[in-house]
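Next come two complexes built around chain A: one with chain B, the other with chain C.
Take a look at the complex of A and B:
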């Protein structure tokens, strides 16, 4: 098990280094000299030069990279070129917002998706199963921002059950936090729920038709115990989809964050890209890669627990 | 004085409003007179910096006006009025400004506001990358006595007090300036205290009123909550749901605002059109001929563009002086009334019957106006090669093109308009080229030397007429900024401020 964890950790670190280094050089090529964008063209040449010196942009690219990398390796992503505030602090403010909605959405997708998937797998062709098929077509066809707007208009403006926009941190009000993340999370989760349910339903049906299930039934196991065996064998595919969804939802959160005016990493990524704030972009890239690595690691652990053969790979 | 960042946020705001017009929420109106116990205002952008030297004028006003007092404030017409400077006086040569300071004011850290503090602030502002543009002509600042400061100018600057009032004279604690922590921790003497514990930066900023503030009567709300909301649909939804009671609004939502019984306030904020960067014809010979620039001005259907892109929220005009100011002359607005035949005739007379070729920059933010530009230039035979770029690159590269589409913030002061739009080199006015036009140069010099008042205004009017005659700019219209507020709260827009400071948001 230790070797399994060590391998995954090593590959995660390697991925982090490769992705952030690649992003570093790509961002520098794409942005070019950032000072006009940061200061405005009315800033004098001396002011632009002073900013270049301040942010280290006057040094050779490899020197800049080494300075950034050696600092980032210690967990310090430096300061924003826009407002010189710590990148770590800015990301620390934003990450809880995005994580709140993405984790909540993933939980919704897991709980409801698994429930619906099992129910449909148990009664293929039933009303729920047919409804799932219809829902999967409709929800995949609808644009995310449109679904978000409908939820805002109905539950935020008409019924006033939830705030139409904004984020409340749990430290300020736990109830307010739940209220503020419900609509965005539901917006994100709708498509994910049907995806997980479909995956599980198909996997469930596939496994249910295998010989060992017939044998279990022949041995007189109760329906509940047979279902448990089928579920255990059908779950890896659904778990993989769930993990992929989590990563996908991190990207999809940008639209939801805009519609609900949430100060998450999506909107920070957008603003940092617009003005060429490379340290912030790199910090966000690193954080996103860390999330991806952690989720994949957890997925491997869960898959290993569900199916011991995975651990031996 | 230049206000590049203001120009940029004006572009961003105008483009957002144009785009939001396509996606306006159709949500049912459910709010009428909302809760007015506290001010809950939706501002278009987040605060840039709490350090007055690094802050933008554009949308930072409401944030900074909560925690800082200015040395000089503006009234609703853009006229400088006393604040921490209780009075001031110009020397006869207008090269020295002597200001008497209000007594008995202390900063939140207990430091006293006096001449030494004012000098420290003014020097900090003069050195600021953004604020420094307001103090370009300031040679030095000194304390004459404990309650008097003297500002010496290297060149007469009749717009200095206006720029200070616009948002370039917020006074912060000298200790906080020295510590370098102002950017994230404001320490001022303003009417409100920043409640950092209750605020969620980048989402909601909460301020509680100081009852002992020297100007407490001007600020009626016990609590102020400011919400940076860039997405216009989200902002309007927040207004509909009652989360906001004041909003930087999209004119596309005017019918819904009326239906809800909200107060609506609008005022000219920016001009939209084509900026001629090459009036001397150095890059494209044709643009050096005023008949060509006039032809372009005749060709555009400004009223149609205003209606299609800006929901008719603005005034069709060909001038850069604000439509609410004394220099603006309504009678000149018909000079370039849309007439494509006349435009073609002028082009032919100038020797370009088949048009000419020109390169122009394009950024997603300007795409709302691109179809109209394509159609109009196409009718004249002007072949435009658009070069696509992101907005920071547009700002960087537009000055290198002979002409470009522009959305430029207006000034609420006539002399500030002269420097912002005509005489000073800016990214949006890279080649003022005043020297190449002797009549323009003479009028500029006369206006700069004239006694402020009717005589100066008259000279600026003559200059305005001359610039329109020369088709100095191809202004299509002056776009309004619009603000919605629930019954019981009024907003008074001020040209030059993209979002008014808190003194302009009142009960009533």
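Take a look at the complex of A and C:
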């Protein structure tokens, strides 16, 4: 168990280093000289040179990278090139908002997706099953921001059931928080729900045709108990999809946050990318990869718990 | 990154037939028509568009439809229809670049990883997994930060993030084709790796790639619009995402501006998604679930006597006991499956019976319907199978007319079942203990402690010397022979008066086979059970059966006491089976011995000797 955790931790750190370093060089190559973007076109050459010195851009790239990397390794991502505020502080302020909608969306996908998936698996070819197939085709492909625009127009502006835009923190008002994250979460979750349901349904049917299910029935176990066995065997695939979805939703959240005007990491990513604020972008990348690593780690733990064979590897 | 929900099992499909079959799907045809319209619009945009898409006319700002501007004007005073038409061009151009990039990266990597395996596979798979766990949207925004105006670079970057979708599907396909004998044959014949990759492998992955491309194009268009919505891309190139952003800014006052590009985007993506799913349906081997109509069709066909076929419709086999005295009695059983052009009958009128304490063998080669007969008794036919019988009696009671729930209540209590393949008949996710205790508690109503004690006791009874270790083991931790003992223990734990065993020794090592047969014989005597044992091996019959039923093509060709059948088989098929069994069985000596004797007692001794060996 300890070696398992150590192995996962190591591969997680490796991924973090590779992705952030890759993004570092990619960003530097892509952005080039950041000062015109940061200062605007009206800035004088002297102002630009001063800023270059201040942010260390006049040093060789590898020196810059080493300075950034050694600081980032201690958990400090430096300060923004635009307003010189701490990147850590800015992100810490915004992460709860993004996590609120992504976690809520994942929960929705898990609960509704699993429910629908089981219902379809129990009655393949039924009305619900056929509807799921149709819905999964469309909802899988439609981008979250498209869905969110439709939801805003309909529920936010036409029906006025939910606030169209804006964020209320849970400390301020819990009910308001739920209301403010419902529409964004739902628009993120719709595609995820059908994917989880489809995955579980297929896995369910696959397992239900296996020999041991007949044997369980032959022992006289009730349908409900047999279903529990089938479900446990079918769950790894659905769980894996759920973890992959979490990663996808983090990306999808960026656009959805902008539609709903939520102060999450999405709008920060957008503004930072438009002016070439590389330290902020790198901090955001690192935070996201950390989330991905954590989720994958949790997934491995759960998979080990569900499937004893995995545990021994 | 998102991945496509795509079945990994795909059948190789011929090009022409795929295309023809596609045209028979109405939904697919409609989707294809929509896509063709979008493509036509994109190509013909310069001729179709009534205005220059970037021409600003301040009078047109937020204009409602009409006055030569069919869809009105946007917030900058540009003609919406013209921008929509040119936007189709941008959208499709981007999708083509993205798909090409994903294809060129993912497919060669996937084919090589699947074909060569080893280090190639590990490296490629690590990169693919890493790409999937990278927050693609953020990296794309980073790329856009500098090269924001270079649409092509951005779309290529997007393609890199969608490449794992291609990689996974081609790798899985290549992996399965790699194992096909014709690839080995080609290698032995001296065809180079490069040539095999170019010819056989690419042909094998062709169909899944087409499907994946339709799905990827849909996702690419969605993500492209998302990026444009975020303000990425040149302002002078009209795009749907940009138009949606413009509409979004003015959503409250001028919702129509948002409506048009949303419809265009939604329709295009949905069309691609439906094309992909229709293609996926056509190329994947997905067993169709039988409908209710299929089932009733099978039932009618089985029940109705076919006119010109009377001899075939008479039950085969005979009964040796009165119905009330039987542990099991089956009267004129028929089993059928719905197939595309009618009904396939696998059991065609079978009658047999077994008294308490009697061992009945059902013998026949594979496909003779013997296992289907057993499953019909249990009422556990695979989905799509339907059984019809004049009567099924269990313990002297007619159960054939009972509801499915009442039939299920017989299982475990009145009928025990021992399956053929031990390793696939235990749930891999639960301990042996759990699997033995669960039915004892919830079917036989024992307390937890009593059930655990009974499970331990029955494990000892089936010859397991360390029951406590086995109880806490998972199925993959024990051997096949031990798993079969566990399954036998599970079948007899509830002390059913009737035990049916479906080829209980076929999957086992030769040395274990005799032990398991002996065990079944012992348990059968101890519990006074009737035992119905299905086998294709007359050696097994000689070892333990009292009477035997010989089946061929879903019908019984001969029924009788074991000694009589061995000594004097009436049906030539039985004689054939016996001689075939004798030729390849290792216990020929014992069989010869059994053959020469006449009393069942002698047979028993043979069985004991066999087990002790």
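We adopt the following convention: the second predicted complex is superposed on the first by the 310 of 313 C-alpha atoms of A that agree within 3 Å, B and C clash if a C-alpha of one lies under 4 Å from a C-alpha of the other, contacts with A are read in each partner's own complex, and residues count from 1 in each chain.
FYI, a residue touches a chain if its C-beta (ideal position, glycine included) is under 8 Å from a C-beta of that chain, and two chains touch if they have at least 3 such contacts.
The shown structure was predicted, so the numbers you read here are calculated from the model rather than taken from an experiment.
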Following superposition onto chain A, is the placement of chain B relative to chain C best described as a clash or a fit?
-> clash
For A:281, select first, second, both or neither according to whether it touches chain B, chain C, the two together, or no partner.
-> second
Please indicate which partner A:26 is in contact with in the superposed arrangement: first for chain B, second for chain C, both, or neither.
-> second
Can A:79 be said to touch chain B (first), chain C (second), both, or neither?
-> neither
Partner chain(s) touched by A:233 [first = chain B, second = chain C, both, neither] = second
Should A:100 be classified as contacting the first partner (chain B), the second (chain C), both, or neither?
-> neither
Touching A:259, do we find chain B (first), chain C (second), both, or neither?
-> both
Of the two partner chains, chain B (first) and chain C (second), which one does A:185 touch, if any: first, second, both, or neither?
-> neither
Figure out whether A:215 sits in contact with chain B (first) or chain C (second), or with both, or with neither.
-> second
Touching partner for A:167 - first (chain B), second (chain C), both, neither | first
Per-residue touch tally on chain A - higher for chain B or for chain C | C
Where along chain C is the clash with chain B: 243-251, 369-377 or 531-539?
-> 243-251
On chain A, the residue positions that both chain B and chain C contact, one per complex | 149, 152-153, 157, 258-259, 274-276
The answer for chain B against chain A in the complex is residues 2, 4-5, 8, 25-28, 30, 48-49, 54, 129-130, 133, 183-184, 198, 200-204, 227, 229-231, 233-235, 237-238, 240-243, 390-393, 395-396, 399, 426-427
Could you pull out which chain C residues touch chain A in their complex?
-> 1-5, 7, 130, 132-139, 141-148, 215, 218-219, 222-223, 225-226, 229-231, 244, 248, 251-252, 255, 258, 262, 265-266, 269-270, 272-274, 276-277, 289-291, 375, 378, 380, 382-383, 408-413, 415-417, 419, 421, 424-430, 435, 438-439, 442-443, 474, 476, 487, 490-491, 494
In the complex with chain B, residue positions of chain A that touch it | 34, 36-37, 39-43, 47, 51, 83-85, 93-94, 97, 149, 152-153, 156-158, 160, 163-169, 172, 258-263, 267-268, 274-276
Spell out the part of chain A that touches chain C in their complex, as residue ranges.
-> 15, 18-19, 23, 26-27, 29-32, 124-125, 133, 136-138, 140-146, 149-150, 152-153, 157, 191, 195, 198-199, 202, 209-212, 214-222, 225, 229, 232-233, 241, 244-245, 247-248, 250-252, 254-255, 258-259, 269-270, 272-276, 278, 281, 284-285, 288-289, 292-293, 296, 306-309
